[in-house]
Amino acid sequence: MDISFNQVSYTYQPNTPFEHHALKDLSFTIPSGSFVAVVGHTGSGKSTLIQHLNGLLRPTAGKVQIGDYHLMANKKVTSIKSLRKHVGVVFQYPEHQLFEETIKKDIAFGPRNFNTPQAEIEKRIPEVMAAVNLPLAILERPPFDLSGGQMRRVAIAGVLAMDPSVLVLDEPTAGLDPKGQQQIMDMFYQLHQEKKLTTILVTHSMEDALRYADHMIILDHGSKYMEGRPVDIFKEKEKLQAVQLDLPEIIHFLRRIEERFGISIPYRKQTMAELATEIKTKLKGVSKHE
Amino acid sequence: MSRAYIEFRNVFFRYSEDQPWVLKDVSFRIFSDQWVAIIGHNGSGKSTIAKLINGLLTPEKGEIIVDGLPVNEDTIWEIRRKVGMVFQNPDNQFVGTTVRDDVAFGLENRGVERREMIRRIDESLKAVAMADYRLQEPHRLSGGQKQRVAIAGVLAISPQVIILDEATAMLDPKGRKEIMDTVNELRTQERISLVTITHDLNEITQADQVIVMNQGEVYLEATPREVFLEETLLQTIGLDVPFVAKLANELNKDGNIISKQPLNQEELLEELWTYHSIK
Amino acid sequence: MNNGILIGQYVPSDSFIHRLDPRTKIMTIFFFVIFVFFANSTLSYAWLTLFALTVTFATKIRFIFILKGLTPVWFLIVFTFLLHLFVTKEGTVLIEAFALKIYSGAIIQGVAISFRFFLLILVTSLLTLTTTPIEITDAIESLLHPLKKIKFPVHELALMMSISLRFIPTLMQETEKISKAQASRGVDFRTGPLKDRIQAVVPLLVPLFVSAFKRAEELAMAMEARGYQGGEGRTKLRELKMETIDIISLITFAVVILVLFFLRT
């Protein structure tokens, strides 16, 4: 589903002393099937933005379009439930939403609410368990017996079981250890490609934005600050620093090599081994001229 | 002048008899005025160590000594005066309704006289750069700010050791940086030993000593530089080394290009400079 | 959240009412609530109203703001008035329609009672508007202090209250988060038959309880690590102090009440 924001603003508690403009005149489009990273500091409006994607919030001005669904200030959406069926949201610390007696029931909870036939649910459960890399043997166990990392996987499986075509991820790896983080992100990337999902990742990790996203939106104080391909965005170090955002470490390092040795090594998703070889050959090359 | 301040002697711990060991035969020493980082994946037993040090948990076998005192029922209150702890969740350790009240909590518990209390609150809030937020309510603070208040609360009781038990795990990069800056600042100003527990290896570069935990056992005890050399080993136990260490290890795969394992980009660039000028 | 409802909400300002010792305010309101029932003449009502309005004005909070905040209570006040209008049968019949008789006494009675009600709510809301919940807690702890002699757990009660106050915003944020997460999984909290809506609460309540227990456990551990061993031997940072202004206020209030008794018929 294509997604577009057209001059969207959102104000919390308008006309009160607590009034807060969370989004200001925000416009962008996300073509179907793309992987978009939304980056910005806490309070930049990221979480307000994603709540517009499945109609938890309606813009106070402007228009949001998700496929055939339209969200506008003064128009109630009649088909909000079917919109939510198509847009799966993995919130921060999703394990906090688990509540059923068994893992199986919890995973089935979403699709059941959307009136998915039982047979279809039964078919999806082993699929999503495999996707999040959990054994089927634990399906009848209570989710609360699991470790934090496993609970997170169950919660993610519950969202995947809705079979959404848009997947919204709000810092899905927060609090996990490095291995867990990488596994979860790789899993989402694989799903994104296999199922041709439109994926929107809210993250603080520039590394993840660089590695997975093909498009990036940077928010600052509710407004769009930058937008484009990650590699292009990360060329503008000073502009990022102005809003206290860092470069991914690899890009930062390549820049410093260029400053120090005058050799340019463009970033093209090299592996660490390729990068090492490249640095060695280029450094030797430079010294030969001296 | 350094002496063992905290010592674990063959410590075993589990939550109940029908459950597996959380810690198995753990022994190590932490010296005074040192910064020791304890790292490990989630569930490796690293947080249990922190709770054992100040008697929030009791070992099943083995002995724990803090400042010459064995940790037991009779000594825990004295030990808690010497050992301050900051936990993972910024919300679940904030007791007061305002910043000032929260810092006061530990002082009130110890019956510190009011005038002295105010002096120490001001001082410790200044040390973590939160003096301007004295009367703020917790729900108006960011995670990093709450954790700094927690550190101030610990500083106010002038402990000899501060344990940060995954204190940065729930923070955004900005909050994480705030905490690490505060910790580095404390290192230079106060004569305090530090124990930081983390799974983020970017946070251990400044530590004096690193204890790597895996499945309840001490897996490795070394300096950060030595630890970063063990990339594959760490990856097999769910950890990962920082970018700089990875690149350095890769550069060294065929032929010794990097003579000293770098801790940061400057050191790696220096090494590359040497390599570049020699050739 | 906060949809203009001001009951129980603190509005900061630098007025002297804000700075009064919370005990002064609680005592004044306590006695005001009692003495309102002594008013029985137009003049005595006018006198109490003058007092209430003066105090309201002194808080420096905009009056419109306060009235607006009392919106949900207006319904109760009107209801009280209507109740008296139809129930009281005193004085002469003024209107007679559809087998309903409205008496002159009913109007007087209705106005008096609902006006008294209004005064009560206005003045009590001034307490919460000008006093932080924690100050109220401190005041209660201090006022209940004598009960310690009969082993009433005053310290524990106050600590419980202050921790609850501390966690109310946290739990509210959490409730909002979880309900949004479940709404995203297709739960409908707003429409549908009552039975369904009651069922929709389960996916909200279970996670809330789970997290509240976890928080309580962690908080208890953090408190213990910070040396909490009960109220014994504890000192306090928060100190309540009666200043001259408190004494003046209390005396003024006593005079107001005395005058009230002269104005009664």
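Chains here go by letter, A, B and C, matching the order in which they are written, and residues are numbered from 1 within each.
Note that a contact is a pair of C-beta atoms (placed from the backbone, for glycine too) under 8 Å apart; a residue touches a chain by one contact, two chains touch by 3 or more.
Not measured: the values here are computed from a predicted model.
Undergrad: Could you draw the chains as nodes, link the ones that touch, and say if you get a line, ring, star, complete or other?
TA: Contact map by chain: complete.
Undergrad: Return the chain pair with more inter-chain C-beta contacts, choosing between B-C and A-C.
TA: B-C
Undergrad: Let me have the rounded angstrom distance from the C-alpha centre of subunit A over to the C-alpha centre of subunit B, please.
TA: 30
Undergrad: Just how far, in Å, is the C-alpha centre of subunit C from the one of subunit A?
TA: 44
Undergrad: For subunit B, which residues are in contact with subunit C within the complex?
TA: Residues 51, 54, 56, 77, 80-81, 85, 87, 89, 91-98, 100-101, 104-114, 117-118, 121, 137-139, 153-154, 157 of subunit B touch subunit C in their complex.
Undergrad: Mind pulling up the subunit B residues that touch subunit A in the complex?
TA: That would be residues 41-43, 142-143, 169-170, 172-175, 199-201, 235, 238-240, 242-244, 246-247, 250-251, 253, 257, 265, 268-269, 272-273, 275-277, 279 of subunit B.
Undergrad: Considering only the defined contacts, which subunit C positions touch subunit A in the complex?
TA: 1-4, 174, 177-178, 180-188, 202-203, 206-207, 210-211
Undergrad: Tell me, which parts of subunit C touch subunit B in their complex?
TA: That would be residues 132-134, 162-163, 165-166, 169-170, 173, 214-215, 218-219, 221-229, 233-239 of subunit C.
Undergrad: Spell out the residues on subunit A that touch subunit C in their complex, using ranges where they run on.
TA: Interface residues on subunit A, with respect to subunit C: 13, 16, 18, 51, 54, 56, 81, 84-85, 87-89, 91, 94, 96-99, 109-110, 112-114, 144, 158-159, 162.
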